[in-house]
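The structures considered in this document are given below.
Two complexes are shown next, each including chain A; its partner changes from chain B in the first to chain C in the second.
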Partner chain A sequence: MFIAVAVNWHLVWTRIVNPNGIFAHALWVTIYISIVAQILGIALGLLAALMRMSSFRPFRFISGLYVLLFRGTPVLVQIMIFYLMIPGRSLNLLLFHPPETIAAGILALGINEGAYMREIFRAGIDSIDRGQMEAAKSLGMRYGMAMRRIVLPQAARVIVPPLGNEFNNMMKTSSLVTIIGVYELFTDAQTFQSNTFSRDIAPFIAVAFWYLVLTSIWSFIQAMIERKLAVSEHGDEISLRERAVAIWTEGGGMVRSAWPWRARA
Partner chain B sequence: MSAESGFVMRAVEVHKRFGRLHVLRGVSLDVKPRETVCIIGASGSGKTTFLRCINHLEKIDGGLIEVNGHPIGYRRRGEKLVEDRERSISRQRTEIGFVFQRFNLFPHKTALQNVIEAPVHVRGVAKNQAVADAEKLLTRVGLGDKKDAYPGKLSGGQQQRVAIARSLAMKPALMLFDEPTSALDPEVTGEVLDVMEELAHEGTTMIVVTHEMGFAKRAADRVVMMDEGVIIEEGPPEHFFESPTHERTKAFLSKIL
Partner chain C sequence: MRKRTIFALLGAMLVAVLVIGATTGCGSKKSNQIKIQIYPADSNAAMALQADKVDAYFADATPVLYYMKKNPGKFEIAGKQIAAAPEGIATRKGDPLGAKLKQAIAELYANGTMQKILSKWGLSQFALSNPPKTTPIAKASGGTITFCSDTTYPPMESLVNGKAVGADVDIANAAANLLGEKAQIISTGFDVIIPALTGNKCDAIISALTDTAERAKHVNFADYVNVGMLLMVKKGNPAHISDLASLGGKTVAVEAATTEKAALDAENKVLAKGGK
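Now for the complex of A and B:
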């Protein structure tokens, strides 16, 4: 069986090389939501990981419940719930005043992300020998300082690669906020498509291309960060060019995260 | 410093359990200023656990440990002892150096950075002052030329000497060593023991868990034998090694010497 698809390549091309102002804004919204939600996810993930490792039982319970709820339900459902929960006016969020739809999207994506980041932080911290914390404590450091100055910097080498993959996923998953009416990349494509009253896939091929640009740029940045971390520890140099080649040939950061527990809704 | 009791470290009837396992069954030991005490004993007798209790890496279940006259991990409230806050436990730990069997150097920091870490970030010493002190200490342990090396590039013996310098940088009142040479290749144990012997002779107050009987003979003021969670015998090395009284000590010494 063969499905004939009429692709208006001219349209694809126009949407790529000649994007309009609305598109630029949609692109910005996608980037903005992804970055802020990821930062929120990192903060919550670290907090939840520390709570999970606490000797205080209620902390461990809260952390467990958090992960259970947010990894056990579809992020699409979470987005909808947050949207309906947030009052219908713009919020004060990190100096910006995003409309409530964007705020709801960021909250839902960020809180959901935190549940996944918890496992990444925990694996990273667990990978550091207990003796490091003990040595720091015997020198008179308190828990917080020992974490910040001794354990986390070492755990970073373990944490950063999956964290990079998380952000890669985030940029793509952020397209789900289209259902609560946020005008971002995907919405832009869909709006364009519905205005043309055709079944032409051109707008979606164009938007796929833009997502690919975003994830490729990120993979490159990620490679630079990982290289810097590797160098700062032992100096096992891998050239940037080699990394860049690897990104394209092996999928690099663009493959779905290799973490077995990581199955996104 | 040890105004109240005249002891740098005083342990009275210390008990420690890990679940059902009763590891320390009433350990009492006093250490005077400038004294070097070596603890020996069979594997599993509780030597490491005892050292870890002294700087409160392990909580004790009974008894009392004082360093510089202050109870460790607990504070007096009237007649009772209550668990201390993290802040004061940390402050007390600055007075107690701990040298681990497996060094536990910070691998993401150079030798020099390892040594200045706590003086700068815990004590608040100015960085250039801390660096000057650290360089002196590293020279003293024979590693003046390795200050910019990362631990991964140092041999075991060199790493352990950096670890000793790192502890000394806090100018602690008491140094604890937990089998500092037993993770080392035989040919480099000497360089570490030499450094420790020098410290002992300079009058550093230290408690050393060790199987190096030669070191104990040369450096210790007192040797202590632990067995199944209690101290069964102690004395100056001459007496201790020549004429041990306890059967378990005799058996242990004949095995190890």
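Now for the complex of A and C:
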């Protein structure tokens, strides 16, 4: 197969080191949408996970229906539905009024994310021995307190790695909001590319680089959180550097001998 | 750093992001600039006005008049037709097909087929006033000419039950027929339609493509209609739009990579120079 690649590397470089003014805005919109949507997703996911484990049947039903609907339909369709559902130009949230396109994007991505987060939370909570909850209760803790103080902190260690993956995914999926007219990273690249009238893929290589920067920064933050969460596993911790480079190592970075500098520990 | 410090820092970063986003309305500043909402398909841009998401929808006169007719009493046209310019069938530079299509268009005007097609779709006013002169056509032997077309642009081209229909589709069929060939329409995104042609994904573009100097650097044009741009607004013109200059501070929906988008960018530069 012959693929003609005509890349204007000078343009790639220019778009990376000297992007135009509107680029900063596009980058900011991408970051903002991903972060807020992820927060919404975590909140909804936790709520749905707790509802799923409730003894009250309608709660379990609602939680199941939520996952069925939002995990079973394309997020692109959901974005369009939310966009058309919100009337007017901005969403009235009393304190502030986000443009409705961005609000629709956040809602769709966040609610979709919540459906996936529910499964992650459920797996995390399930991984904690039932005895922990029973022991907490026998100490006189109520359900909520036992969840907050005993179960969730331990479950966090199981929850954070897939949560980080989900957020990584979220930053990339947020490019779908271009369909409802949000000016974000992908729209920026697409607009620039269409002005060249050529098959030059330079703007897209540049935008891919920026997404890579975002996901790399997050990977580092995630490694930091995971390390802090692992302090209770005395003697078994691995260094931040090892976590950060985990994707390069066989056995996901958990193989000590793979890294000579581990010797100092 | 202790665990608590790290989480407090991360939390503070989150709060900062939320607060900045909330207070700046996600970066949308109040200014005299036109807020351009770019949509990947023209139908999405038209939909944005129908859903009252934008102050105006800016497109060629052809779809604007079509949407006006389809939704009587809902919309109106703001101001006059802007910058009427020829639209043409585009072909690759150096491809003999370009000259053949030019001949075919001249023949379609001479034998009245073009007028019939345009009148069928209610577009008679956009016919060329000076159609090109006819020259003898050498018929080919029943091949297929593939046309890239952004089929989200009624009445020029749109998909009905999965089939491309519209004035451009009829013109493509008639022109190919004159050349002794068949026409095949390939749905293509408008923002990549010229790269699609130069990348050999089709033989020609028929997609209400305005013949601009910028585009003519990359492809050859065989012009067949003359169309301007129109601003469509909600009935009663609530945003008081009369021309491009009156769009300052307003939100306008356009399709990506169109001449309308370029016109709005140019107007924004004028507005920026003019100050407040």
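One rule holds in what follows: the second predicted complex is superposed on the first by the 238 of 265 C-alpha atoms of A that agree within 3 Å, B and C clash if a C-alpha of one lies under 4 Å from a C-alpha of the other, contacts with A are read in each partner's own complex, and residues count from 1 in each chain.
What we mean here is this: a residue touches a chain if its C-beta (ideal position, glycine included) is under 8 Å from a C-beta of that chain, and two chains touch if they have at least 3 such contacts.
This is a predicted model, so every value here is computed, not measured.
Here chain A is shared; do chain B and chain C fit on it together or clash?
fit
Going by the contact rule set out at the top, does A:Ile31 touch chain B (first), chain C (second), both, or neither?
A:Ile31: touches chain C, not chain B.
Counting only touches as set out at the top, which of chain B and chain C does A:Gln154 meet: first, second, both, neither?
After superposing on A, A:Gln154 lies in contact with chain B but is clear of chain C.
Scan A:Ile179 for contacts with chain B and chain C and give back first, second, both or neither.
It touches chain C, and chain B stays clear.
Using the superposition on chain A described above, determine whether A:Val17 touches chain B (first), chain C (second), both, or neither.
After superposing on A, A:Val17 lies clear of both chain B and chain C.
Between chain B and chain C, point out the one touching more chain A residues.
Tallying touched residues of chain A, the top partner is C.
Counting only touches as set out at the top, which of chain B and chain C does A:Met145 meet: first, second, both, neither?
The answer is first: A:Met145 touches chain B but not chain C.
In the overlaid three-chain picture, find the nearest pair of C-alpha atoms across chain B and chain C and give that distance in Å.
13
Share the list of chain A residues that count as touching for chain B in one structure and for chain C in the other.
On chain A, no residue contacts both chain B in one structure and chain C in the other.
Under the definition above, what is the set of chain C residues touching chain A in their complex?
Within the complex, chain C contacts chain A at residues 3, 6-7, 10, 14, 17-18, 21-23, 25-28, 37-40, 44-45, 47-48, 51-54, 191-192, 194-195, 198-199, 214-215, 217-218, 251, 253, 256-257, 261.
Of all residues in chain A, which touch chain B in the complex?
So the residues of chain A in touch with chain B come to 129, 131-132, 134-143, 145, 149-150, 153-154, 232-234.
Residue numbers of chain A touching chain C in their complex, please.
For chain A paired with chain C, touching residues are 4, 25, 28-29, 31-32, 35-36, 39, 83-84, 87-90, 95-102, 178-181, 183, 187, 190-191, 193-195, 197-199, 221, 224-225, 228-229, 231.
Under the stated contact criterion, what part of chain B meets chain A in this complex?
Touch residues, chain B against chain A: 55, 57, 86-87, 90-91, 93-94, 96-98, 100, 102, 104-108, 117-118, 121-123, 150, 152, 166-167, 170.
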